[in-house]
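A short write-up of the structure that comes next.
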């Protein structure tokens, strides 16, 4: 027991000295209090419900209903008032309670002493803002502009208010931006050349389709809510055809699955077109009235395309091509959904143009339930008020400078006059998600300051100087729409932000305040404001009319979700295309301007080098969206390690058995992971799913070169990456 | 006539997404490895052509529940509507039910030190709501059926990996996927 | 391994019941057993019985609520096992009391009742495991092997005890050899039925025979059999050392067999 | 010394220790200059509670070996253990131990919150910080210690909360600590909690 021999006097002296030493009163007297008298009105058992919006980079962009008891979330599910979400979430959405309350979240602003050292010190927001602001001003002074500051932000959170980060950086002057997208660029350009812009039919219209072709799309994993409508349609007698090099989960549900050689989908489409033209199955009237360049295209096909060639090229037997072509051409309406994966090839844009042409000659464009559906942006007409403040007076430079997001590392390193010295990273994990991660790391090494805003520790945070903790959707305000369905979803603040987390908008205001404190007028971004006012400012009359809502608050009170007016849910219903000619352009001068063939011709696929004969594809994984969600332990409990899918025939040639550790290697890099032997992949291809980073020291991009797609500059400023033209060799490790 | 409630699992519609499993876990705030519903992968050659197929199973609310016979404290009751309910208050955690169940349904909860299993959300059913898994399946692949009223003609009572139904007469039925046409290169 | 308490419990309870029946039988047959020896054996059986009960509680999530385990006696074999084994242990205490009081008549009566209940307890115990969910268990061989464990270990335990006390007058080797031969037959039948059974049973057989434990079990079994056969005709060799040795060898052997019984059980 | 005096001195000593840990977990010691550490060590060296058990002595011994070099990694290690941004190696939240998956703001956190409510208190930033951060629990204990009348509540809170998880917390510190100071405080806390346990057992209630 306690030692009685030490006198009380000594002891009291100790106690007093402790307080004096720390310059604080005894706890509970002068020190800032953690505990305070309880507010009188507090009672237990208060249950509230809030509407949230899942802001992830996902077709489904769900409307969420969040149950909050005593200020903490107890259940998160779909909003029944949204007929697309239908009250249900995907598996990832169901893990949101854990995302919010995992003890592993980033809680406080912190500074790392020595990039990658793991030596972090906690700093206040004020200190963080000061460090960043001072660096910005220092750079501005040294280089005469803010161009050495580079923003790399993309799709981690598509809340419209999150554009505040872009806005804040525009508000300090002209900066360097990671431009482009690893997502859809080639396909979006293709649809841009053909129709003016990519524009898709409402996915709820799968119910109206007579025939559905899912072309390189796997909605079972990437858009479960669309899959519901597809299954419903199937049950009503609609035929579902899936064209894919892999037997995906969706292909497993098809009435007919066609295994096409990767990167030859364009040849298949052109073969089908040849058959349709030969057999007079095309819609002459539609083509005559609504398109230009059909005759040139017709002539090209007649001259260059044969069914035997198509069969040879694609690996799909001629009779199958003929049958599918006939079925597709005679079904009314027939619906094609082109997946993003299909265009991640060096000829991806050209292939999408060929498929567009297939839909056009059969008159399926502009029809309810039909269409050649890829992506759309018709509901995104917000004010983007957060980006509206412009550069401050006297900013150096004339405009923003761009580096290609898809070749980020190399282009950052190559940038000079001025070089890039500071990086701001938000809603992205480039060290895991970019090709050639080692080069990206080198680019980081060149920086004076790397600031990353994130929810969880990941490779990019590990290699940053300052990390800023951000809120989950449930802790901030926002508004979301989808690039696929036609709903607008309100995001209410359901709970207080945990720890010291802040939204990108709050961070933008805070930094602007600090910049203006140090150097008045150095940042045009507002220094304060209620997020609720900010979000109201996003809605203009057009978007209010489109969705039939009076205001954000009105929508919040009335179900939290609204669908756009029917008039826009059928793409090109008015057949007024947004091309230079106003018609569907089989012959596109615009395409020629950008250095492409004006017609939807077949361009050759990337050929496997001799040493690396096996294609390694990295499609999306069902328990993650890029590098998000996969690391959550609820999902790790289902699948706790990455794997590579190998066809038994291929495995045999390398004596690889199920579960063996396999080394995947090419000139860019290598990694080792367990094999899963399966007939779901062809024997010339292996598959490693995208976005796995937790618990391994590699990412699927270790072997991916920054090989460009054929298109992307027209709509996205930069070409995309041919992720799926990644060739490797494998061996038993 | 009394009801005979059972799950009808439509494998044709199931995309193996695990949303049923995780929504149940989230709703009941179950410990990480506790699952009242589980999604398992079926053999690739299930319907002849190779496909990715999954089946989602929970408690099968058997007509002759082996758990009920094995339980030494009588924690199991079979309600009139056929739901097999496990009373966790009575359970002493002997785990015999888990051994006796041909489907290994009752799981030992290492925190509560008691067994745990699906109750078909009977408290929700009793107030006119659907079980969480039924309500939350994005594909509407799980249904509750009163087998005394309808015997779905296209359903079967057994799938590969599912134990012989003659042991406990489970009420769960399955709709098997229709084999699609495949043109494969390999 | 979380079934270890059950391994120990089943082995001990079967040993205790077997020993008890042997003691009662010898006593009833008027084989000369001193009061002191009878009391000592009886007490040791009660102690082992009590230990077995305590160990069995270890596999419960809530050991202090174990008393409720008799509630479902109408249908649950586990309830029955608990009830009958509980009764058996209770009666064996009473039986011990009559050894203490040296009341041969009451002793014989209570012993008889307890023996019958003990037999029912082993029967219930075996029935718990004869469930279709675990094909390797779901056979009458489980029942036989449980009784045979009792028959192998019980008499030897008492025999060894009496031999040490110098009071052994019956030929225990005979019973044990018979039991071992029966056990060998059951073993053969068991493995051939596993091989011809459901995939889970085949897997159980494969797992069992692929463990070193199985070969130790077989080896100890054969050694014990050899020693016993060697001593069968030679009363002089039926001494305390031999019986103690054989008991220990067979205890290990049976323990390993039971351990594997649980360990390799493959659920449907 | 008569009986009541012993108790009195125990109480003050306990308050000192709780205060020390409160300051520690609040991060007040992170910026303490090397010279001040010397003074703190002097105070610690004459604490009867510390000297009375192995862990306390071990802790003081550790701190006596302190040099300016050992001071530098202290903050980084403190953050790795208790603050982030990485996965916390020795989470300071009760729910990380009491909740099976370590999720914060669950039933376990609410129980702590209700305890505060019962005493008419709440976390200043309620909802923003899980109520069961060790810093709040320590502050709450200091509040309860300040009045003889709250003894029963104090014992209940210690038994149901702090004493239930701090052992595991200290074990994780021991496992992951890379700094002499965090390890010393881990030892010190472990030793102090042992004393608290025996004190409560001794006093019954």
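As written, the chains take the letters A, B, C and D, and residue 1 is the first residue of each chain.
In this text, a contact is a pair of C-beta atoms (placed from the backbone, for glycine too) under 8 Å apart; a residue touches a chain by one contact, two chains touch by 3 or more.
Quick caveat: nothing in here was measured; it's all calculated off a predicted structure.
Peer 1: Quick one: which chain's Cα centre is the longest way from chain D's?
Peer 2: Of all chains, C has its centre farthest from that of chain D.
Peer 1: Using CA atom averages as chain centres, what separation in Å is found between chain B and chain D?
Peer 2: That gives a centre separation of 46 Å.
Peer 1: When the centre of a chain is set as the mean of its C-alpha atoms, what distance in Å lies between chain C and chain D?
Peer 2: 53
Peer 1: If you average the CA atoms of chain A and of chain D, how many Å lie between those two points?
Peer 2: 44
Peer 1: Using the average of all C-alpha atoms in each chain as its centre, how far is it in Å between chain A and chain B?
Peer 2: Here the centre of chain B sits 35 Å away from the centre of chain A.
Peer 1: What are the residues of chain D that contact at least two other chains?
Peer 2: Correct list: 101, 106.
Peer 1: Where in chain B do residues touch at least two different other chains?
Peer 2: 29, 32, in rising order.
Peer 1: Chain pairs that touch, all of them, please.
Peer 2: Applying the touch rule to all chain pairs gives A-B, A-D, B-C, B-D.
Peer 1: Show me the residue ranges of chain D that touch chain B in the complex, using the header's touch definition.
Peer 2: Chain D reaches chain B through residues 100-101, 106-107.
Peer 1: Could you pull out which chain A residues touch chain D in their complex?
Peer 2: Residue list for chain A touching chain D: 1-6, 8, 10-15, 17-19, 21-22, 24, 26-28, 31, 33-39, 42, 44, 70-73, 97-98, 101-108, 110, 113, 118-122, 457, 461, 467, 469, 495-499, 633.
Peer 1: Using the touch rule from the top, collect the residues of chain C that touch chain B in their complex.
Peer 2: The touching residues are 59-62, 65-66, 68-72, 75-79, 82, 128, 131-134, 267-268.
Peer 1: Considering only the defined contacts, which chain B positions touch chain A in the complex?
Peer 2: Those in contact with chain A are residues 12-13, 15-19, 21-23, 25-27, 29, 32-33, 39, 44, 50-53, 135-140, 177, 180-186.
Peer 1: Which residues of chain B touch chain D once you look at their complex with the stated criterion?
Peer 2: Touch residues, chain B against chain D: 29, 31-32, 110-111.
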